[in-house]
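Worksheet: one structure, shown below.
Note that the chains are named A, B, C and D in the order they appear, and that numbering of residues resets to 1 at the start of each chain.
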């Protein structure tokens, strides 16, 4: 039952993403058919920086929907059930999460909150208690199995598993949904754990598709000021 | 830290629901304007059973979208975090859930799985361990507060709270999303807890709006046979 | 084949809307169950202005989702197919639109753009041509029926009907989707026709639920400045 | 102003689609992390037919969400505004459509319904009238420009453009949304035009990702019987 840290892997993203967004934007304003333009885009006949400049200009005018054509699929491990419960509240996305009904939790890994890790007394209390949870889970699972609950024993025993129990999840979001996700979850008002995962995701997105994600992040990054108000601001950017 | 049972309260539903669905269906096929027909519908000039018969006929032809105009808002307590994590995976819905970041968990209530309740040894192990979780939560919260974590102490201490911890949630679904919810969650393949909640919701929906929900429930109810296949069928209805 | 003007009728909206939003917000931060609080809310035990002040404060902190529990259903006539094609692009909504496959278009009504109405020469050309479209539709429908196309004659004849052809539609949006709709469609950058409909809708929403809609409209209304940039600003509010 | 036929081009689809769906399904039931399995999947260490068999088995058990991780982006030309108005009613999708506000309609192409094409008298009436629509559009645009309407002249003149006017559109749907789209739009109850486009899309999807789309199409294809009822069945499959 070791402690786990959040790890984000990019499984897939839409290929030729810059050209695809460029083509989608162009189709809105162009008399011709981007299906005819597409082979030339793939052949590099329109310079990448020219495509990027066009995309930036149209995005700045407030036209956001064409970036939806590009999606990213991440696999994440080392996150708590507390985090995944927050994550799946983002509805414009697709999720495949490890099931506690099917996967045995006898040796579950756990997430250790940094504020607890920093205080020896808290860390000691937390980690010894995690071991007790494991004992309780195994005891209950054994009792239930001994009483004929079979495969369903895991389904009931898991009621003692903690929010800290590690989960694994595969999820897909399009760029527009990702930008919204980053606005909320990269802000210091977000919980430390989901903020950490969001920042890992943002690093990946920026590397793969800078034209879309170069100004993504908490809303202050794009605005140059903090829109969260006096009570909630972290002070990194001035209030408006 | 008492045990809690699931309790579903209907807070609101769209008024004049049968007439609203009737009007929406009619607008699709009618030359006139249902805005003009509406006062006559409210005045009862078209008999309720005639409206219901029309709705039933069009729904049976496969035209499902007009029932989306009617929504139900439920408040639910006495459900576990295991249940709410499943619930919020339904994306065509709106949720407002009690936050463990803000609400103190020192005296959390809990959900006792029936299979555990039925075995005295399991029940004893489960309930005594729930008490230990409360101790661990309070200890951690105290240590964190003593170390200056302030309001955020709850946010970290909750990592030891179990899946069994009781949650409260307000949510809204439209009729089409509810029918899909019932198809999945009233089936015996669903977990016992969310099936129990789904059945309470279905009873309410059937009473409020029988024309839409009279054949709702697990898919077998409407089909007259079980579409889940040999491996998963509960046997209540024959396989096709 | 008369000219028609846009007319918006409110068919239904979620009852006790202020209390419902208040209850949903409260459930997020409150240890108790709003299902227990609800009868007291309906009985008026918490003053409406106190509820409104609480809602305003939480909305200003950036917590927007609880207003999703309240929906509005409108019936609209006197709008063009150009408008409805734009309208149905708003995906967080439900639509029931008059079908040109089923409703006869022989005497279709039409929308006259104001810029055309203001120029006598344009108006004359437009209206005489609308009459010709009616002739073409009826001729085609008759030929198709005479050749055994039956009920499907309308489906094909409608290919000559213009974008100006009047449509009727019933649609439902929740408050959060409505606020987004107003941000885009009440702005002077939106087309005149959908802006006119949006403004009629906003008047209704403001009257029914001022706590949510008092600052709704184009984004400048809430921000106090125009976020559309130098190229697109209408000048009513200063640039930032 | 020539006649145009529907042409569907696949611009992009999620790479390594079978492995991605396999990985997503596996993560639900597997103790390990598919992020670790992923390089081995890309290296071909798990045979494609073994992956496909696993996917088929889980999909048949009713678990549909993992196919959402894979999306297809199509560019389509040669479709009418009647078709695109139906298309964009599918809400789990992203659209970028050629704008009649920005693109000049003076020489618009058009869609000729086959039932009209088959009747010489109808075809003659239709095509000569299409030419008249072009005249009316250009006249109105000229008058509006001469009266200072500038760029907005197109926005108003287009009110005379017909439903038959050709449009171009880029859109993205995930596999689950595509399967739903095919169920509705490949059925003979759907309009001929969108059914033709849906069948072109289905051919592409089947070639790219047979494991998901081999049984896709109208619902009868998968069921082996027609679920549309006696009144609507086309007779190709028996009623249940």
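Here is the rule we use: a residue touches a chain if its C-beta (ideal position, glycine included) is under 8 Å from a C-beta of that chain, and two chains touch if they have at least 3 such contacts.
The structure displayed is predicted, hence computed values, not measured ones.
Visitor: As a test of understanding: of all chains, whose mean C-alpha position lies farthest from that of chain B?
Guide: Relative to chain B, the chain with the farthest C-alpha centre is D.
Visitor: Could you work out how far chain A has to rotate to sit on chain D, using CA atoms and steps of 5 degrees?
Guide: Resulting rotation angle: about 180 degrees.
Visitor: Could you work out how far the Cα centre of chain A sits from that of chain D, in whole Å?
Guide: So the centre of chain A lies 29 Å away from the centre of chain D.
Visitor: How big is the gap, in whole Å, between where the Cα atoms of chain B centre and where those of chain D centre?
Guide: 33
Visitor: At what distance in angstrom does the C-alpha mean of chain D lie from that of chain C?
Guide: Each chain's C-alpha centroid was found; their separation is 26 Å.
Visitor: At least two other chains touched by the same residue of chain A: list those residues.
Guide: Correct list: 95.
Visitor: Per the contact definition, I'd like the list of chain C residues that touch chain A in the complex.
Guide: Going by the criterion above, the answer is residues 60-62, 189, 227-229, 231-232.
Visitor: Where on chain C does chain D make contact in their complex?
Guide: Per the stated touch rule, the residues are 80-82, 84-85, 88-89, 91-92, 95, 100-101, 110-111, 113, 115-116, 119, 121-122, 125-126, 129-130, 132-133, 136, 139-140, 143-144, 147, 149, 152, 155-156, 158-164, 191.
Visitor: Applying the document's contact rule, which stretches of chain D touch chain A when the two form their complex?
Guide: 7, 9, 11-12, 14-16, 20, 23-25, 27-31, 33-35, 38, 65-66, 68-69, 71, 73, 75-77, 94-99, 102-104, 168-170, 172, 174
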